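Next come two complexes built around chain A: one with chain B, the other with chain C.
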Partner chain A sequence: MLLIVLLPLIFALFIPIMNKRKEQIHIGYFVIWIPIVIFIFFARYLGADFEPIKQHFNWIPSLHISFDFYLDGLSLLFVLLISGIGALVTLYSIFYLDKSEKLAHFYIYLLMFMSAMLGVVLSDNVFVLYTFWELTSISSFLLIGYWNYKKESRYGALKSMLITVFGGLSMLGGFILLSNITGTTSIQGILSESDVILNHTYLPLILGFVILGAFTKSAQFPFHIWLPDAMEAPTPVSAYLHSATMVKAGIYLIARMSPLFHGYDWFFIVVAGIGILTLCWASFLAVRQTDLKGILAYSTISQLGMIMTMLGIGTEIAVFAAMFHILNHATFKGSLFMVAGIIDHETGTRDIRKLGGLMTLLPISATLAFFGTFSMAGVPLPFLNGFYSKELFFDATLHGSEYSTAIANFIQHALPWLAVFGSIFTFVYSMYFVFGIFRGKAKLEQLPRKPHEAPIGMLISPILLVIGVITIGLFPSLVNGTLLEHAAYAVSGIHEPHKIKFWHGFIPPLYMSLAVVGIGTLLFVTKKKWDTVYKKLSDRFTFNRLYDLLIAKTETVPASITKSYMTGSLRLYAQLIIVAMFIVSIFTLVTSDGFAFLEADPSEIKISELLVAIMMIVAAVGTIVARNNVAAILILGVVGYGLSILFVIYRAPDLALTQLVIETITVALFLLCFYHLPKMKPKQDTVRTKLINAAISIGFGTLLTLVAISAHSSKWFPSISEYFIETSHTLGGGDNVVNVILVDMRGLDTLFEITVLGIAALGIYSLIKIRKNKEVD
Partner chain B sequence: MRIPNDLILRTTTNLIAFILLAFSIYLFLAGHSSPGGGFVGGLMTSAAFVLMYMAYGFETVRKIIPINFRLFIPIGLTVALLTGLGSFVFNQPFLSHTFAYFHLPIFGEKELATALLFDLGVYLTVIGVTMTIILSIAEDRE
Partner chain C sequence: MEIIMSILAGILFTTGIYNLLQKQLIRIIIGTGLLSHGAHLFILTMGGLTDGKPPILTDHDSHNYVDPLPQALILTSIVISFGVTSLLLVLAYRAAKENETDNMDQLRGNDYE
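Up next is the complex of A and B:
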C-alpha cells in the first residue's frame, strides 16, 4: 500500500522528462493511468464481506512514527473518490488545458496532491497523517496559484494557505496532546483509549485543536472565506480539490475522530452547530453570487456544512447519511464544476448575468447541469441521488439523541428548522444556476466567444459523473452494502443494514422535502423582488474584510512596534541593555535572597589606599564633567595610574608594571586619535535625558557594588591559588608565580590573548590602509 | 618637513634608548623568577623604538632599523604555537613545559625552561602589535 500511496509522487519525478515531448502529445495522457491504476487497486476491496486491512512500514521507529496504513470502510470510500474523480478530472484537464500552458507544473502539483490525499485518508499514524495533511495544503496552494501572473490567483493561494496551515498547526497540537495522553501514535490505538481521553482535563483543548484543523480545511464558518477565492484555480482543480477531495479532508478527520468524542455534548454543539450555521449561511450567500464558480464554491461550503452537521449528530442513521452524501456530493458537484468549466471555455465568461438561453446551443451541457443541480437541490425524483441523502439528512435531524446540557438540546430542537431553511436556499441557488445559464433570452453579443458545444473529450467526465448520479439514484443498494455500510460502520461502530428506498410513505422528511421544493420555487420565481436584501448586507457581514484587516494589521502593527525601539540610536540600545541587566539581576538578587554581607572578613584600610581611592573618585567625576576632550583623556589617565598604584599597594608588581605601560600607551593613542577628531561639543541634553542617564548609571553602579559585595561575602570553595604558590617552583621552574601561571599553567589563555592582540593590530592597520586606498581611487 | 633642532633630545635618546632596550631584555629574561615577562618586556622594547622614532623621525629610523614590525606578529604567534606543538614530540599534552639546570661557560649554573620560548613568542608578538598600531596611526596623514 505504501507503493500505491507514493506512486503519484514517484511518477511526478518523471514528468519533467516527458515534458520534453509535450509538443507531440499532451502530458495528461501519461498521467491519467495513475489514478486509474489506483482506482482498480482499491476497487478490488469493494464487496459485502470487506474486512479492514492494516499495513506497517517503518519510518522513524525511535519516535514511533511509521507509515502505518489502515484501510477500513471510511478510507475505502475516500480513496475511491480520490482516485476515481482524480481520473475523471485528469481526463477533463487534457481537453481543458491547452498545450501552451505549463502542463508539467500542473500535473506535478496534481500528482503531489493525489499522493498527499491518499496518505491523509489511509494513514493510521497521527504524525504521518499530519505530514500528508500539510502536503495537501502546499499542493493546493501551488494549484490555486497556477496562473500566478494573475493577482487574484496569488491572493487566493495565499489566503487558503494561511487559513489551512493555521488549522493544520492547531491540529498538530491536538495530535501531540492525544499521543501524549494515550502513549500511542496510532489512530486506532488512540480511538481505543476513548475513556481515558473523555475523562482527561485536556479534553476541551484537544477537541478545539482537532476541530479547528478540520473546520479550516473543510471551509466551515467562519473559515469558509478561502474557498470562494480559491476559485481562481483552473476549473479541473476546483472540481477536484475544492469540491470532491481536499475540502472533505476535514470531514474525514471529524468522521475518523468521532468515535473518540461520541457522547461528548460539546462535540455535538460545535460540530453540528457550526455545521448547520455553515449550511444556512453559505446557501444564503450563494444566491448572491454572480460568478458561476462562486455559486458552486458557496454551494460546496453549504454542502460540507450539511455533512458536518450529520457527523455532529452522530446517530447511526446520521452517519450513514453523511457517508452517502459525501459520495453524492462528489458526483454531482464534480460534474457541475466541469459544466461551469465548459461554459467558461465555450463562451469566455463565467458571469451569470451575461449568460442565458444556452439550452439550444449547449444541449448536452444543459442536460448534465440539469441532473447535477436537481440532485444538489434534493428534488424528489427517483433518479437523483441528492434526494436520498437529503431525505436521510432530514430524518437524522429529527431523530437526534438526548443531551444533558440545555444548549445542546436547544440546537437539537432547532436543527430541523434550520435544515429546512438552508435547503430552501440550496434549492433557490440550484435553480438560479441552471436556469440562469440555460433559460431566458440569449445575449450572444455580450459573450466574448461564439458558444458551441464542447468537444466530446471534455464531456466524457461530466457524463460519467452524471451517470453515477443517476445510477446511484436508481439503484442505491449498489453502493449501499458494498461501500457505505462499511464506511458508516467505521465511523459509528454499529453494523446495521440499510435499505434505501425512494418512497417511505407520508413521514415528516417527505413533508420537509415538499416544503423545500414549494417555498424554494416560490422564492426563486420572486427572486427579483427580494434579492435587494443582499445589497443591504453586502459588505457588512463579511469575514473577508476581517481577514484583510487582520493581514494588513499583521504587517503594520509589528512594523510600528519594531520602529518604536529599533530607532538606530546606540544610546537607546545601551540604555535598554543596561536596564534589562539591572532588572534581571535585582530580581534574581531579591527573589533568591542572594545578597550577603560578611563583616568578619575585611582587612584593615590603610591611609594610602584611602588616598588613592579618593584621588581616583575625584578623577572619575572629573572625567564626566570635563568640557574639553584632551582634559577628559588626561583625567582618565589619572584613574589608570591610580589603579596601578593600587596594584603596587596590593603587591602585584607584574600588574602594576603592565598597567603603567598600557595606561601610557592608551592615553597616547587616545590623544593621537582625538587629534584628528573635531572639537567635542557639549551635548545639549534636556534635563529629563540627563536625569534618566544619571538614574541608569547610578542604578547600574549600585547593582555592581551589591553583586561584588555579595560575591565577596559568600565563598563556597577554597581558592586554588595555594596550589599555584606551592607548585610554582617545583613544577614550573620559576619563582614568579604570575608569570608561571601565564606561560606554563594557563599558557593556552596567553596564546589566544596574543592572537587577539595580533588581530587587533592587523585590524587597525587594514582600517587605516584600506581607507587610504579607497580615497585614492 | 622642517626638522626641529632638538639636540638635547637626540643626545639623551642615544643613551636612554639603549638603557631601555637593555632593561626590556632584562625584564623579559628575568620574568620567570621575578617581576617582568614577555608582555612587559615587549612593551618596554617598543617604548625604546618609539623614543627613537620621536627623536629622529620616521625616515631616519627606518634606514637604521630596516625592520617591518608587522612581521613580528606572525613570527611571535608561530613561535608560541610551535612551543605548544613541540610537546607532542615528547608524547605530552599541548603546551606542556619542562625545565632543566645547565652549567653554562660564563653564567655558571643556570636554569633553562621551555616556558622561555613561549614567552619569546609573547615578546615578539607584543612588539609587533604595539609598533604596528602606533606606526599605522602616527603615519596616517589624513
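Up next is the complex of A and C:
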C-alpha cells in the first residue's frame, strides 16, 4: 500500500523528462493512468464482505512514527473518490489546459496532491497523517497559485495557505496531546482509549485543536473565507481539490475521530452547531454571488457544513447519511465545476449576469448542469442521488440523541428548522445557477467569445459523473452494501443494513423536502424583489475584511513596535542593556537572598590605600565633570596611575609595571588621536537625559559594589594558589610565580593574548592605511 | 579594606558607565577605560587583600605570599584591554574623520541599509 500511496509522487519525478516531448503529446495522457491504476487497485476491495486491512512500513521506529496504513470502509470511500474523481479531472484537464501552459508544473502539483490525499485517508499514524495533511496544503497552495502572474491567484493561494496551515498546526498540537495521553501514535490505538481521553482534563483542548484543524481544512464558518478565493485556480483544480477531495479532509478527520468523542456534548455542540451555521450562512451568501465558481464555492461550503452537521449529530442514521452525501456531493459538485469550466472556456466569462440563454447553444452542458443542480438542490426525483441524502439528512436532524446540557438540547431542537432554512437557499442558488446560465435571452454581444458546445473530450468527465449521479439515484443499493455500510460502520461502529428508499411514506422528512421545494420555488421566482436584502448587508463586517485587517496589522504592528525601540541610537541600546542587566541581577540577588556582609574585614584599613582610593575617586568623577576632552584624558591617566600605585601596595610588582607602561601609552594614544581632530563641540544633553544616565550608572555601580561585598563575604573554598606557589620552583623552574603562571602553567592564555595584540595591531594598521581610492587624508 | 576597595570599584564602574552613555566618542572610550580599571580592581579585591609577600619566591619554605593567580589574570586582562582600547581609539578617530562628527546621535547609519 505504501507503493500505491507514493506512486503519484514517484511518477511526478519523471514528469520533467516527459515534458521534453510536450510538443507532440499532452502530458496529461501520461498522467491519467495513475489514478486509474489506483482506482482499480482499491476497487478490488469493494464488496459486502469487506474486512479492514492493516499494513506497516518502518519510517522512524524509535519515535513510533511509521507508515502504518489502515484501510477500512471510511478510507475506502475516500480513496475511491480521490482516485476516481482524480482520473476524471485529469482527463478533463487534458482538454481544458492548452499545451502552451506550464503543464509539467500542473501535473507535478496534481500528483503531489494525489499522493498527499491518499496518505491522509490511509494513514493510521497521527504524525504521518499530519505530514500528508500539510502536503495537501502545500500542493493546494501551488495549484491555486498556478497562474502566478495573476494577483488574485497569489492572494488566494496565500490566504488558503495561511488558514489551512494555521489549522494544520493546531491539529498537530491535538495529535501530540492525544499520543502523549494514550501512549500510542496509532489512530486505531488512540480510538480504543476513548474512555481515557473522555475523562482527561485536556479533553476540551484536544477537541478544540483537532476541530480547528478540520474546520480550517473543510472551510467551516468562520474559516470558509479561503475557499471562494481559491477559485482563482484552474477549474480542474477547483473541481478536484476544492469540491471533491481536499475540503473533505476535514470531514474525514472528524469522521475518523468521532468514535473518540462520541457522546461528548461539546463535540455535538461545536461540530453540529458550526456545521449547520455554515450550511445556512454559505447557502444564504451563495445566492449573492455573480461568479459561477463563486456560487459553487459557497455551495461547497454549505454542503460541507451539512455533512459536518450530520457527523456532529453522530447517530447511526446521520453517519450513514453523511457518508452517502460525501459520495453524492463529490459526483454532482465535480460535474458542476466542470460545466462551469466549460462555460468559462466556451464563452470567455464566468459572470452570471452576462450569461443566459445558452440552452440551445450548449445543450449537452445544459443537460449535465440540470442533473447536477437538481441533485444538489435535493429535488424529489427518483433518479437524483442528492435527494436521498437530503432526506436522510432531514431524518437525521429530527432524530438526535438526548444531551445533558441545555445548549446541546437547544441546538438539537433548532436543527430541523435550520436545516430547512439552509436547504431552501440551497434550492434557490441551484436554480439561480442553472436557469441563470441556460434560460432567458442570450446576450451574445456581451460575451467575449461566440459560444458553442465543448469538445467531446471535455464533456466525457462530467458525463461520467452525471451517469454516477443517476446510477446512484436509480440503484442506491449498488453503493449501499458494498461501500457505504462499511464506511458508516467505521465511523459509528454499528453495523446495520440500510435501505435507501425513495418513498418512505408520509413522514416529516418528506414534508420538509416539499416545503423546501415549495418555498424555494417561490423565493426563486420572486428573487428580484428581495434581492436588495443582500445590498443592505454591509461589506464592512465580513470575515474577509477581518482577515485582510489581520494580515495588514501583522505587518504594521510589529514594524511599529520594532521601530519604537530600534531607533538606531547606540546610546539607547546601551541604556537598555545596562538596565536589563541591573534588573536581572537585582532580581536574582533579592530572590536568592544572596547578599552577605562580613563585618570584620579580613584586612585592616590603611591610610595610604585610603588616600590613593580618594585620589582615584576624585579623578574618576573628574572625567565626567571635565568639560575639556584633553583634561578628561589626563584625568583618566590619573586613575590609571592610581591603580598602579594600588598594585604596588598590594604587592603585585608585575602588574604595577605593566599598568604604568600601558597607562602611559594609552594616554599618549588618546592625545594623539584626539588632539589632531578638529574641535567638535557636541550639543549638551538635557538635564533629563543627564539625570537618567546618572541614575542608571549609579544604580549599576551600587549593584556591583553590593555583589563584590557579598561575593567576598562568602568564600567557600580556599584558593588553589598554594599549589602554584609550592610547585613554581620545582616544576616551573622559576621564582616569579606570576610569570611562571603566565608562560608555563597557563601558557595558552598568554598565547592568545599575544594573538589579540597582533590582531589589534593589524586592525589599527589597516584602519590607517587602507582607504577608499578617492580619499586623501 | 575589601569593602572600601569594592566601593572604589563600584565608583569606577559608575563613572565608566556614565561616560559610556555620553554623546561624544572620546567620552565613550574613556568610559571603557574606567570600566576596565574597575574590573581589574574588582579581580584583585576578590582575590583577597591579605598581608603577605609579593609572589616572588625568595624563601622556598615560607608560604606567606599573596595570591598570584588573580595577578596573572589581571595581567592578561590589562594587555587585552589595551589592545582593544587602542583599536577603539583608532577606529573612533577614523570614524570621526570620515563622518566629520563624533556625536553618537548622528552616527546612526542610514535608512537604506
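The criterion applied here is as follows: the second predicted complex is superposed on the first by the 762 of 777 C-alpha atoms of A that agree within 3 Å, B and C clash if a C-alpha of one lies under 4 Å from a C-alpha of the other, contacts with A are read in each partner's own complex, and residues count from 1 in each chain.
Note that in this section a contact is a pair of C-beta atoms (placed from the backbone, for glycine too) under 8 Å apart; a residue touches a chain by one contact, two chains touch by 3 or more.
None of the values given here were measured: they were computed from a predicted structure.
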| item | value |
| --- | --- |
| Superposition on chain A - do chain B and chain C clash or fit | fit |
| More chain A residues in contact - chain B or chain C | C |
| Partner chain in contact with A:Pro222 - chain B first, chain C second, else both or neither | neither |
| First (chain B), second (chain C), both or neither touched by A:Leu751 | first |
| Arrangement angle, chain B at one end, chain C at the other, chain A at the vertex (C-alpha, nearest 10°) | 20 |
| Touched partner set for A:Tyr650, first chain B, second chain C, both or neither | second |
| Partner chain in contact with A:Gly594 - chain B first, chain C second, else both or neither | neither |
| Contacts of A:Asp735 with chain B and chain C, given as first, second, both or neither | both |
| Contacts of A:Phe724 with chain B and chain C, given as first, second, both or neither | second |
| Which of chain B and chain C A:Ser569 touches, first, second, both or neither | second |
| Touching partner for A:Ile662 - first (chain B), second (chain C), both, neither | both |
| Partner chain in contact with A:Ile768 - chain B first, chain C second, else both or neither | both |
| Closest Cα approach, chain C to chain B, once both complexes are overlaid on chain A (Å) | 6 |
| Residues of chain A contacting chain B in one complex and chain C in the other | 653-654, 658, 662, 665, 669, 673, 676, 735-736, 738, 742, 750, 757, 760-761, 764, 768 |
| Interfacial residue positions of chain A with respect to chain C in the complex | 567-571, 574-575, 578, 601-606, 609-610, 613, 616-617, 620-621, 623-624, 629, 632-633, 636, 639-640, 643, 646-647, 650-655, 658-659, 662, 665-666, 669-670, 673-674, 676-677, 680, 682-683, 685, 693-694, 696-698, 700-702, 704-705, 708-709, 711-712, 719-722, 724-726, 728-729, 735-738, 741-742, 746, 749-750, 753, 756-757, 759-761, 763-764, 767-768, 777 |
| Interface residues, chain C side, partner chain A - complex | 1-24, 26-27, 29-30, 33-34, 37-38, 40-42, 44-58, 60, 63, 65-69, 71-72, 74-76, 78-80, 82-87, 89-94, 96-97, 101-105, 107-109 |
| Residues on chain B engaged by chain A in the complex (per definition of touch) | 27, 31-40, 43-44, 47, 70, 73-74, 76-77, 80-81, 84, 94-95, 97-99, 111, 113, 115, 118-119, 121-122, 125-126, 128-130, 132-134, 136-138, 140, 142 |
| In the complex with chain B, residue positions of chain A that touch it | 653-654, 657-658, 661-662, 665, 668-669, 672-673, 676, 732-736, 738-740, 742-744, 747-748, 750-751, 754-755, 757-758, 760-762, 764-765, 768-769, 771-772, 775 |
